[in-house]
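Both of the next two complexes hold chain A, though its partner changes from chain B to chain C.
Let's turn to the complex of A and B:
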């Protein structure tokens, strides 16, 4: 992180920038956009799939996917709300993603909740109804079984995903700074 | 080849799917957006109630018909390409599957990012865990390997074990409910 960090260029024609500073690729597949709430200054890269159409069958508007600020959804990642039977009825549950979350390329995320500062590695598979607490790190390629609860500041790896490490307290500042910096560096080329 | 898709009236095929070749979808099949079904050399016939999720790839490179059975679930990002024909029962659910299996039975679940090689014929009620890669036990032989029914492939090393079939009925009932629900809420 610094003034001379390399910018991450993107093709201006491919991305839309909203009023709140979200940068969304036109080639991302966003279904049910009215049910998706993006925090602001988030980046949704090309090929990402956000299924906002898998919603609860209840009257009125309720967000299906909520994301915080400075999040990044990598290329070809899939954000899919988890679903299950409740009182004899099948229904989908909302997916709540907090600030500063980075979701790597090709990840498949069916979690119920993702806390702030979480880093989900490339190609990870996060099962249904997983709860990931703040500042966890899911290494690339990890497969988290359904209903896993990942405690804060832990590092998980493997298939099946297991706890392998924990992070120091200073990790929090570094994550926020790097997410903000990534957003700043994500600029249209030319 | 131009796509020749024959779909039952109760099928739900999202926009933005990639369907090529001669494909037949029986009743109740659901194809999510960004799913890919390519009948490259031979036709693909999917029996009732298959669900193919985002980024799943079903590919038939063989000239023979690829038959997929009932109630299969191809989850996000798996790859399937059957290489021989086999009668599969209705309801295949595929999510993100990249399965290259030779033939696919009934009520099989391919979890996200699973891959099955073209030398494997998948029997009924098998489950392929997320991220597994299922290859024939004997890589030298060119013969088809048939996985026994109720085989579960799991873990990073794609180990196999048997499932005793417990809670199978409830799972299938849940999947049926899910398919009904999807039919209600998915935009056509």
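Let's turn to the complex of A and C:
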């Protein structure tokens, strides 16, 4: 699969490669970096915003955004932890993102949990406290209302987002291969 | 731009109908959606697979629902999952009352309401409040049954008929009494219907005869009613007359006024209009429909092997026999346009002789750089010649020998062809899939060019015989089998040959060229079928694998198997 996929060159001056193989654009806005955990081999593209500063209203060290391996946060996408009133006080809750997750360009994600092998399309809006289980596709432009639960192997589309299809049994292999391939093709130019 | 694979749907594998037959499209699917039965050695698709429900679950609360409860729950979640009547978004439970332990700013106690996080619809709009935050479905059912007479009435009627439907068909004995409500047993009735449906066409007369003799006898009533059941009389819970729903002539008159050009205009003051309005405002949230996990079986009557068996507890599969693990992935890409293509097209009439002449001309011109790279999405123009690459990616741990041809369709095409296809390299090898641990072998694989029959157009080439040696690490690489053999020669020779045959190999992927000549004045979609026959080695269970430099023996030949499949390539529409 992907025999004709071309390399995706990036400007060496723009991206930093970490020890664990993460490729993070210098032009991405990473706030509260100490509260953000990246699993490795993930790509944070230019213009992406990660709000690690919106931390839980409790003492101690709490990761705000955790992300697994082979994830991609597209250009200008926004990751923001969900928040709500709890016992009379407003507090944020952590955002957990597993492996092989692709977040499309311009998407806004306030989900509480995104499972492995989830593909969020370009410009999608994922509401607060949304839970997306492993292996799901949110098509481009979909708007998921707050607290929506997306079950495994489902496809969502529309505004408001609805379950419109199910995924073929081969989806896990396909999505993992395409995420690996994307990471391998994302290379510095010259 | 797509490549789809053919499923012969239980018929013996045979070339599909040409693309111009619209009916053939239902036999093609993307590779990722196809299954493979090892027992039948055949591709199976969703259309022909036998699906059984392995488990039911609610997509919102993700709880599994025991199949015994599903019918009673009417295939919907019986917990607290509802969808918004306005926008179908799953509703959220919100507390509106205050409790002692929480502050006054945060309501956390009863009454609870349902609220739509998308359009802000609230169950208060239909005067719905709940005492507890869990088990809302049951609470709602109680509330609704008090308000809406139709559902309890239906349930009562269903319960009345249920025992009757599920009880086994009685032996055909003479009716014991003359019931006032004779109804044939339903399963009996469906059997009769099934029989009637399976009758031959000439049997229509017979069906008529049965109807005459059988039905009329039934109509007469009396002592001849075999297989008739007793069914108690059903008493309605509430009369529609009592509710004042009977208007008789008034309704008929209202319907008359609905006709003609006034269709769509609400009859003023009509009860129909008012009823409609009532329904618009009194919409209740619906319980969320359940989803299923499916088990899929091979449809062959003599096989019925499991192809898909989901694990009900996770996203894994206990059995997953998918075509992607057996057939090479076929992809098309790297489009180039021949710059001199247009000139030749002017005199073309599309005859095979002319096509051959032009082909020879192109071959003469080949390698002089008259091709320009084009984007795959760029418009395809009539009268142009394009070259594409077709990539084959091998999912097997053994190399495969591929023969790529155009199939001989069982029927002539319905439309005259709008393009001609030429495949310069029909026979080639695709290297095996490697495990992650064998990436060190990269260099060695790069050397293994096999024996592509670069210019053979008669399709006469067979399995290449083993030549050369595989080196000291032969034991480790024995799984490559003798299919992949070094053709020898100097590196420059190899490169030249590679270029000539337009074979491009990398890892377990081989790319070959295909020429697509769009005929002058052609319109419509460019769709063509490919026949892919591949030869692979079958695992030798007795351990006598051919090793290293051993020559392929007669015995060795028996270890190869062939598989043929058909793929449909759609290049998109021709732009004038």
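Definition applied: the second predicted complex is superposed on the first by the 186 of 190 C-alpha atoms of A that agree within 3 Å, B and C clash if a C-alpha of one lies under 4 Å from a C-alpha of the other, contacts with A are read in each partner's own complex, and residues count from 1 in each chain.
Rule of thumb we're sticking to: a contact is a pair of C-beta atoms (placed from the backbone, for glycine too) under 8 Å apart; a residue touches a chain by one contact, two chains touch by 3 or more.
Source: prediction; values computed, not measured.
Superposition of the two structures on chain A leaves chain B and chain C fitting side by side, clash-free.
When the shared chain is aligned, chain B comes close enough to touch A:90, but chain C does not.
Of the two partner chains placed by the overlay, neither chain B nor chain C lies in contact with A:165.
Contacts of A:125 after superposition on the shared chain: chain B is touched, whereas chain C is not.
Judged by the touch definition given at the top, the superposed model places A:11 against neither chain B nor chain C.
Once both structures are fitted onto chain A, a short way to say it is that chain B and chain C open up an angle of 110° at chain A, using Cα centres and rounding to the nearest 10. With both structures placed on the common chain, the touch criterion links A:53 to chain B but leaves chain C unconnected. Of all C-alpha pairs linking chain B and chain C after the chain A fit, the shortest spans 6 Å. On chain A, the surface patch touched by chain B in one complex and by chain C in the other comprises residues 85, 127, 143, 160.
By the touch criterion given at the top, residues 29, 31-32, 49, 51, 53-55, 57, 76, 78, 80, 83-85, 89-92, 106, 108, 123, 125, 127, 141, 143, 158-160 of chain A touch chain B in their complex.
Of all residues in chain C, those touching chain A in their complex are 30, 32-33, 57, 59-62, 87-90, 92, 102-103, 105-106, 116-119, 291, 308, 315, 317, 320, 322, 324, 329, 331-334, 376, 389, 391, 393, 509, 511.
Looking at the complex, you find that chain B touches chain A at residues 16, 33-34, 54-55, 76-77, 96, 111-113, 129-132, 154-156, 174, 177-178, 180-182, 184-187. Of all residues in chain A, only 1-4, 85-88, 127, 133-135, 143, 145-154, 160-163, 166, 168-174 touch chain C in the complex they form.
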